[in-house]
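Shared chain: chain A. Partners: chain B in the first complex, chain C in the second.
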Partner chain A sequence: MTNTPSFVRTQMLDPKDPPITEKGAVKWIRENLFSGWLNTILTIVSLYVIYWVLAHILPWSVGGIWNAESLTECREIRDASGIGYDVACWAVIADRWHQLLFGFYPSELYWRPILALILFGVAIAPILFDTAPRKLLIVTAIMPFAAYWLLWGGTIWGPLVTALGFVIGWAVLTYGAATLGALGATIGAIVVPLLYWLLVAGPLSGILGAALPIGIEAVPSDRFGGFMLAIVIGVAGIVMSLPLGIFLALGRQSDLFIINKCSVIFIEVIRGVPLIVWLFTASLLLNYFLPPGTNFDLMLRVIIMVTLFSSAYIAEVVRGGLAALPRGQYEGADSLGLDYWQSMQLIILPQALKISIPGIVSTFIGLFKDTTLVVFIGLLDPIGLSNAIRADSAWNGIYWELFIFIGLCFFIFCFSMSRYSQWLERKLNTGHR
Partner chain B sequence: MKKSVLLGTLAVAGLAAGAVSAQTLDEVRARGALNCGVTTGLVGFAAPDANGEWEGFDVGVCRAVAAAVLGDSTAVNFVPTTGQTRFTALASGEIDMLARNTTWTFSRDVDLRFEFTGINYYDGQGFMVPRELGVSSAMELDGATVCIQTGTTTELNLADFFSSNNMSYEPVPIETNAEAQQQYLAGACDVYTTDASGLAATRATFEDPSAHVVLPEIISKEPLGPLVRHGDNEWGDIVRWTLNALIAAEELGVTSANVAELAAGTENPEINRLLGSEGDLGGMLGLSSDWAANAISSVGNYGELFEGNIGENTPIGLARGLNAQWTDGGLLYSPPFR
Partner chain C sequence: MTDAQTSAIQNREIDRSHMKVSDEVAIDISGMNKWYGTFHVLRDIDLTVYRGERIVICGPSGSGKSTLIRCINALEEHQQGKIVVDGTELSNDLKNIDKIRSEVGMCFQHFNLFPHLTILENCTLAPIWVRKTPKKEAEETAMHFLEKVKIPEQADKYPGQLSGGQQQRVAIARSLCMRPRIMLFDEPTSALDPEMIKEVLDTMIELAEEGMTMLCVTHEMGFARQVANRVIFMDAGQIVEQNEPEEFFTNPQSDRTKLFLSQILGH
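Then we have the complex of A and B:
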């Protein structure tokens, strides 16, 4: 050890920092933005375009006027303030935001749709997140009736009596199997509630309502509007079309002739005609066929049409998922001795639905945005309300502010749906790879 | 088999519809509210305000009918209708009357089986151009680009006008009035054409209205009025004479301010008959004797309705023009109340 040559270091040098051009932001910028003369030019042009766009939009939107009674007043305030460029007149949002969100719903009752939305969030939690407590499923089962009652109000007996029909169906299915056999119980579970709803439910709720008048203030459908209308139609359509679509997809795959052909015809007819035509059918044609004096709510008709329309699309998306499963999965289920419903429920559908998630969510996002089509049959959705607001002489001539607000709201809803689906895909990615 | 079932259904529906149409008045009374079809939004004619209350010139007609029939001008369900849904909504019985700036034409009256119960606004198609073009007459518009709403009668009128005057034009098709305003301001077209009332309302929203002129030529007749279904003449009479009552009230000097006082009885027998202190005109319609007084006191006479919604003191600023009383050189002329 004594002969260690003096030119050999005994200890390592500290690592030096890389040259300034080879690390951090500078390196990233150099490699990604200025790596060659073409990229340099493109970068400079892009930066200029971004600057140009922001220089026009930011002063316009940030400097916008929030306190004014009309577009004319907005312009007066702007001219008085002496700024030389155009600014947004956000006062129209400040004045009408409640209308864009709730339509003509009575303002003292806004808590009802808000509560319904919160309850909806609680109700879908056990479906969306498997960490949520299972007891919340009770809320999920009650939710459709609670939401209807909260939104439309009126006597509590209507939704209760309607819900009783489902209980009856469930009771027939569970306890009738012993006496009627499996097929008889299934048919009974469909027929008995239908008869109950058609014949008994109406008078029963009338009697109960007369005996015990419990209820909250009723709000007719024509007070609904804005995003509330879009969400009610969209959510009702989404919630009801998913099970319907799954049944249609199974029906289309079925070997039973009548079920198969009925599903195929339904899907192809509904899918072969544009949504706007179905909406016009709901709004115009049905009126001629219904007996005069029947007040079949326009909104209900629209919800039914939207549900049927999107269920046909869901059916095809799910069928894609079913078709993607290897034959061995079906055979494996059979070999375990599972019957049809068990094999579907335990083996086939969980896998098929997982594959179909992007398609299903994409259909839902499309459905939600398609609700704006109801403007053509005279329902005041956000776009329809923007026209109605412009028809007020105080706000006539205002465009971008309204459309930006509406677009932003739609983006928030659709983007969160999309993010959720991506999260779900990652979580369920047990993988075939 | 299926065909006969379908035809049977149609026949039953048709019969039932025929049976129901003769009793609109009873239905409205039983319902306690008038279902009135309006536009989904047209400046000055019908629009919901910040509280969701409908306001406007056409809305006033609905309220007047509700006041005459039910004695309450707020007992109206306003049903927003689009250009496509309005006639079906009326024909199917979803609404009792339509007051939606609808032009009275032969085919609508005869072929669509409706009954126009009068004219509440005489409109006509006009042109608007930027002042800097220096155009003073529509005859100088040869070769112009024109913003025009597609699928409307204005499109057909425009083609007729240019071809009959041996001029050419280039159409810029647009879908809505909102789009038209943007296109016109952006300079995509030299001329914007639509109903004169719409032009005035549009021009009023511009930053600098004085930079645009509405040309004097009116190239079409657009008599706008409320309408009801064929087949229920009693109901048609009620709507017709409610509108006439508003017009006659202006001619006779009855306003919402003095109607209560005049209803007690005046020297003028026609006012007495109109307001129910003499004769029984209300009873003939199947209404109470103070039907017209209710209508006038709730919405005012025709002149008040006009001035309050679209007149010269509103942002829209329409002059009476053709819509003045016949005594003032206009076309408003109510048959006598006798």
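Then we have the complex of A and C:
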């Protein structure tokens, strides 16, 4: 080639395969583990630390004793076997697993929470996976009332009459729009069911229960405990706090002064006070504000507090998602003539929620783990039960095995939530590339 | 505007048989004023647009031209004066605003397609939810307009998978699916690579040939010369000059217009 800058390509170049050293396991190991002397040392040190930890944990846990009546018996078996190191006494789990899972729920009625859990799995399927049949949404709608009835038992009329309130609200919203206008119907759909629940629902279910006593054995709240309690509080909190949080986030973005300020105050007050304070409020103070004689179930109060608490966090997470959307999306929706709720439902929220998935799931995981705090107001969550089990002289002094079991159960729940959220994020990732 | 682009547009014969301006008023703006805080962006705007008109609005950045057309479908609120679109006055009544928006199509500089919906869903969304068109019918209409903008094969893709020019054509199709009587274009080609500007302008020219009432904020002076029946020059929130394109380009009256034209056409 001469020194002239003139150059004309006559043939375009085809892509070629990379050199052989640039692919495969050898490349991965060299790049990731042994790319320099410092990394090589770090790799060797880390391998040694992992080995050291496993060498201590594995014999202890794998060699654990499953058949024993008490901690003392565990130790006798260990000493008799002549192994020179400590081993786990898993016998406490084998002996008390039902208590850790169900608390003091009557053992002959264990089928009820189990059935409720299975039903819950069916009910949540159409929400989590869009491949699930849409008809399952009927189960989803019935689920809250069915779950309440299965868990607490009693007359079937209570949940049925309560559910009727939602049907009334829906009917007012659908058929009232013609006579009352959209705003009137919305207000009516809130006020009418509230009045119904306050004034009509109680006597009605009493009359129906007296006339046609259908029911199953009632189980009071103080028999609930263990993971069942954690799951009931956690799931109820999660299910209710998401919609509430979304409305709060929209409220905080609203141009309407009163709605905006109410949302801001609610979020800041709830978020600014520790959950444990709210739980004590629920257990102690709330009674002073309620009319004398009202027996408002403690668990219900806790569920409400946990819901309000996490909805404030959800609201802030969702607000982040809303703020991350370009202004053009709002304008695009507006320019097509979509009204506020349509553009929120179809354009803004699907995108904002997608952005917020990691934050929302983090909040849910936090909420689920925070259910252990109810131990301080006397509810028997798994931690509370571990104390109760230890109070038995047979298992006095056993810590690790119980905590590991509890930790493992929590981990399974939280890890599945986290994996689900990652899967959902990948699935919803349609654009921006 | 480079010569290459101008000639690219000019190499096409324009069919003027349907380009007729009637004396029916499409948009009537009188004494309109708008402020951003204390900043007076639009000052005493009077503008009457007749059905079938193709108006190009140009001017330096910050002159209020985008704000003006965004006021027409209430994306921006005006504080004084009157805007009547298709016989409906723009007021604070949300019903009127939604009605006007569904009659007036708009294309944005950054397309504003919905990235979580497919191209087809982008086009059928508003007809289904605002017009209550049955889904099947809405999809047929959408395919018709996607064919018109020459990308029916992309219907099942997501906006993120399309080029800028294709996205803008989808945005035009999306607006057309609502069967608007007026189309607003807010710098539709400003965010595009030169190679893609032509395909979007071609689509706009076709629309003009069918007799659509159009208001375009654009710097494409070749388009203005060929398609517009009126060019409006704005500066500092006011209409400085308006004229037929030939007169406007060859014989500008105000000094401000002369300066602007010399800058935009001089290179």
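To be clear about the criterion, the second predicted complex is superposed on the first by the 385 of 433 C-alpha atoms of A that agree within 3 Å, B and C clash if a C-alpha of one lies under 4 Å from a C-alpha of the other, contacts with A are read in each partner's own complex, and residues count from 1 in each chain.
One rule holds in what follows: a contact is a pair of C-beta atoms (placed from the backbone, for glycine too) under 8 Å apart; a residue touches a chain by one contact, two chains touch by 3 or more.
Just so you know, these numbers come straight off a predicted model, no measurement behind them.
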| item | value |
| --- | --- |
| Touching partner for A:84 - first (chain B), second (chain C), both, neither | neither |
| First (chain B), second (chain C), both or neither touched by A:19 | neither |
| Which of chain B and chain C A:5 touches, first, second, both or neither | neither |
| First (chain B), second (chain C), both or neither touched by A:336 | second |
| First (chain B), second (chain C), both or neither touched by A:392 | first |
| Contact footprint of chain A on chain C as seen in their complex | 73-75, 94, 98-99, 101-106, 108, 110-116, 125-126, 129-130, 158-161, 174-175, 178 |
| List of chain B residues in touch with chain A within their complex | 9-10, 13, 16-17, 19-20, 27, 39-44, 46-52, 77-82, 84-85, 88-89, 92-94, 176, 178, 181-182, 201-202, 204-207, 314-316 |
| Chain B-facing residues of chain A, complex | 71-72, 75, 95-96, 99, 103-104, 107, 220, 222-223, 280, 283-284, 287-293, 375-380, 384, 387-394, 396-397, 399 |
| Touching residues on chain A, where the partner in the complex is chain C | 326, 328-329, 331-339, 342, 346-347, 350-351, 354, 428, 430-433 |
